[in-house]
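Look for subunit A in each of the two complexes below; its partner is subunit B in the first and subunit C in the second.
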Partner chain A sequence: MMQRIVIRLLTMLVTLFGVAVVVFIVIRIAPGDPIAMMLPPGATDADIDRLRALYGLDKSLFEQFFIWFWGILQGDFGTSISLRQDVLGLVLERLPATLELSILALFIAVLFGGFLAIVGARERGTAIESGIDVINGAALSIPDFLWGLVLILFFGVLIPIFGITGRVSPRLDLPFDTQFYLFESILRLRFDLTKDLLSHLFMPALALALPLAAIIAQLLKQSLKEVLELDYIVLARVKGFSETQVILREALKNAALPTLTLIGVQFTFLIGGTVIIERLFSYEGLGNLAIDAVINRDLPLIQGIVLVFAMLFVLINLAVDLSYALLNPRLRHG
Partner chain B sequence: MADIRRRYKKPNLRLWLAGGWIALALAAALLAPWIAPHDPLTQDLLYGRLPPFWIEGAEPGFWLGTDSLGRDLLSRLIHGARIAFMVAFAAAIAACLVGSTLGLVAGYFGGWADRIISRIVDIWMSFPPVLFAILLIAVLGTGLHSVIIAIAVIDWTRFCRVIRAEAMVQARMDYVESAHIAGFGRVKTMIDEVLPNVLPSIIALLSLEMGIAIIVEAILSFVNLSVATDDPTWGGIIAEGRLSIHQAWWVLVFPLVALFLTVLSFSQLGEGLKQRFDPVLR
Partner chain C sequence: MTDCLAITNLSATLPDGQRLLRSVNVNVAPGEVRALVGESGAGKSMLSKAVLGVLPVSVKIVEGDIWLQGNDLGRLTAAKRRQAVAASIALIPQDPLTALNPSRRIGPQMTDRLVKILGWDQTRADERVRTLLDEVHIRDGERVLRAYPHELSGGMRQRVLIAAAFAAEPKLIIADEPTTALDVTVQKQILRLIAEMQRLHGTAILFVTHDLGVVAKISQNVTILYGGMVVEEGAVDQLFANPQHPYTRALLAATPRYTDPEASLLPVDQSVLSDLAKAVETADRDWMSSHGG
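Our next item is the complex of A and B:
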């Protein structure tokens, strides 16, 4: 077990190093001189050379990479060109908003998907199951961008009950010390703020959650149906458990494992989806910052955001692998 | 047999509806300068935010109403279809050519070719598409050509994976063996014999990819990373509609409907064509 974790951590470091190399190379081959972009028009050649030396751009590419990589290891991600602020600071300021959005979306997806899967497995072979299949198909074939627009139309305009712009109502006073607004509002027992935050979070989170909910519902229903054919389930039925009890107490435990792995992979896609969904709902998270960075061609900022996203993805995969090992008895004892 | 035939009768209606909408939209895109009732860029603030024809306050001639700058929505949608279809065809065909060729080679030849290509696909797909797109657009700069290149560079793996698997199955079949015995070379067998048999899948994927490309273009033009000029795009109109949603919902609804129908039609068309071409089902 221990050995497995160590190997997994090492491969994680190798992956991150690989991502860093790719990002470095891609950004360096970008057409356009980053120095020329930083200087005002009319700068002399001497100015350019001085700045080039300041940023270490006069050294070989190989040396540049290690200077850059050493800086990253120490938390120096450079300075944003468009915002003239420390990149790491900017990214860390926005990351909590994106995390709250993605985790809530994941929660909704698991809740919706799990519910549909259990109902579908219980009512297998009936019209209810076919109905669930149709809903799944529709949720899957429509991307989150379109879901977001549909939700904006229905719950922002037609029946305006949810916030569709921003993270929180602008008129509210925020007493927060961290950027984890939702989490902190609960800790401070300011449930009025929690309510406002959730009302703004719900629409973007739902748009992100729907496609994932459909995938979860599909896979979990399939696994449940397979497990429900097994002998130990028959035994549970003989013991007099109702079908719902059989599913919740006995089948779910064993059917959940494949879904868990899938959720891990899909969660990284969901986080990728926040980029566009945050923009759609004017939600001030990392994704929204990423789009501004691309529009302004702010290469240091893009570099920082991509690295932080990559780190997040690698950590999620690690967490899924480890929890899989903990939950699967064959691996736990092996 | 009759049973099976009846079962596959229904997709034909789907096929006709989907194909009909795409033909209509494509014709509108091609003929845009002649059929659009107004110039899509002409602003007239006196005619700002006119509602569509069935709502009181509409002006004759502006069928779907106008946006906040008084530009005719129908004309903007028709012109926006041009960019949507241009990206759909160029990006999907580019992704298809690269992906299908590599997939065919990997699946048919197997061995080291398969190992190398499969490895590249694995690495490629482990990179989340959104980050990939951000990096690519940042490097290539905004503009239509960047959008097309980015879609092709990211999505060729979709073709490669499926076609590889299908070519692998085909390569083990008797007809390939007999082609060899008949003295056909390996490459000739691959192109003349295996390719026609995986073509239905390629066409289905191609149609699906066109739908994906249209969505991606709409997203990128929504965030202002697609066309640099002020040519109307569906994503751009959606962005305007999003801003004036409380005053003029139609500016958001109509491009959304157009996007929906087009994307849905491409995926239905792909499914339908696949069944149509599939010798087993035919």
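Our next item is the complex of A and C:
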């Protein structure tokens, strides 16, 4: 087990190095010049060259890459060109907001999707199952940002019960030491703030969660139906357990494995989705920062953000792998 | 004395009206071992599923009753029926490799019926299960209780399942081809074990099998099914010595004998089968006309 984790961590480093190379090259091939964005029209060539030298952009790509990469190894992600601040500081300040949003979205998706899957499997072959299939189809065929618009229209404009911009109401005093506002508000027992934060989080999280909930419901229902045909399920019924007990006690854990892999993969898509959703809800997270960075051609900031996203994805995959072993005793000693 | 299990005139159909069980009567007295014999598709599995209440959703019981310990199961609500079955019937399944949940330890799988359904306290259930593992000759019971199914061999798992079946002192055990999925060498041990446990506990067993050689070893009485109909029934020694129905005679001729392993086996004669098919057809026609088409 330990050995497997170590091997996984090593391959992780290789993956991240690959990502670093690709990002570095791609954003330099893409059109747009950060220096041109910074200077007023009519700047002299000498000014441009000086600024270029200041940010090290006059050196060869190869040199630039190793200067940047050497910095990262020492924990220095460079300085944002447009905001003139430390990239790592900027990213770490925004990351908690994005994490809270995506984890809440994942939580909602698992809760909704799991519930629908269990009900659908219990009522298999009935009109209730067909109804659940219809709901799934609808939730799946609309992408997260459209759900975002729909939710803004309904619960932000027509019946304004949820916040539609920002992370928290601006008039509130925030006593927080970290950027994990939601988490900290619960720890500090400031439930008034929790409520305000949730009312801002709920709609973007729901928009992100709906398509994933549908995928979870569909796949988990299918796996449950397959497992429910197996011999040990028949034996459990003969033992006297009701259908609901049979599903929860005997079938769910074994049926959850394929869904778990899928959730791992889909969760990374969900985090990708935060980029647009955060923009839509003016939510001050990493995704919103990423869009600004791209608009401003802020090369160090883009590199930093992409690298952090890549690290998240790799860690999620590792977590999925490890949770397999928890669910499947046969993998534990392997 | 009331029968432990009485199946009277039971018919079950598919949605298209095709009958899978054709007015079947089977009785099992307390402590009796009755074999239910038939080739695949004869309805023996359907019959045991009907008793256990685990028929596929598409199969409907359209006529007849199942009496368990003098209670008409058809008149009970689903929950009461489950409780009644759990309290007095147990199942020894066909394939020990798939009949245990791969992600749960053996111990809880053996005690969950006792604790969760029959309301025993956990300590008593644990003790009971340990005694039974002893009875099925599993020496390192403690290790087995903590093991996951994949850590045990097929024969061990079948022993575990046999022990679990006897745990709640059921009145009836349905053994659904319990040796079919096992190695030939293990088959004999398991068969002997079931017979031994039966004598020890005095439990009635409905032993479902397609193997007449097994029937002779374990049961007193036998019911032979074909096409969802009872073809012949009676005490094993009489029926083997003097089979009345041509199909029974053909089946016996098709069974290998340990006493005379060189004797050639005869396939079941085609005319016997076509006679049976005609009998099934006649039974269906009569049934249709008496049930208004």
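The rule we apply is simple: the second predicted complex is superposed on the first by the 295 of 334 C-alpha atoms of A that agree within 3 Å, B and C clash if a C-alpha of one lies under 4 Å from a C-alpha of the other, contacts with A are read in each partner's own complex, and residues count from 1 in each chain.
In this text, contacts are C-beta pairs under 8 Å (C-beta built on N, C-alpha and C of every residue); 3 or more make two chains touch, one makes a residue touch a chain.
The model shown is predicted, which means the values in this text are computed figures rather than measured ones.
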When subunit B and subunit C are modelled together on subunit A, clash or fit: fit
Partner chain(s) touched by A:Val21 [first = subunit B, second = subunit C, both, neither]: neither
Geometry of the superposed three-chain model: angle at subunit A (Cα centres of subunit B and subunit C, steps of 10 degrees): 90
Partner chain in contact with A:Leu61 - subunit B first, subunit C second, else both or neither: neither
Touched partner set for A:Phe269, first subunit B, second subunit C, both or neither: first
Subunit C versus subunit B, contacts on subunit A by residue: B
Touched partner set for A:Leu326, first subunit B, second subunit C, both or neither: neither
First, second, both or neither for A:Leu10, with subunit B first and subunit C second: neither
Minimum distance between Cα atoms of subunit B and subunit C in the superposition (Å): 18
Subunit A positions touched by subunit B in one structure and by subunit C in the second: none
Residue numbers on subunit A that touch subunit B, as the complex places them: 23, 26-27, 29-32, 141-143, 145-146, 149-150, 152-153, 156-157, 268-269, 271-273, 275-276, 279-280, 290-291, 293-295, 297, 299, 302, 305-306, 309-310, 313
Subunit C residues touching subunit A - in the complex, by the definition given at the top: 52-54, 57, 79, 82-83, 85-87, 89-91, 93-95, 98-104, 112-113, 116-118, 148, 150
Parts of subunit A lying in touch with subunit C, wherever the complex brings them together: 125, 230-232, 234-242, 245, 249-250, 253-254, 327-330
Footprint of subunit A on subunit B - complex, ascending: 128-131, 134-135, 137-139, 141-142, 215, 218-219, 222-225, 238, 242, 245-246, 249, 252-253, 256, 259-260, 263-264, 267
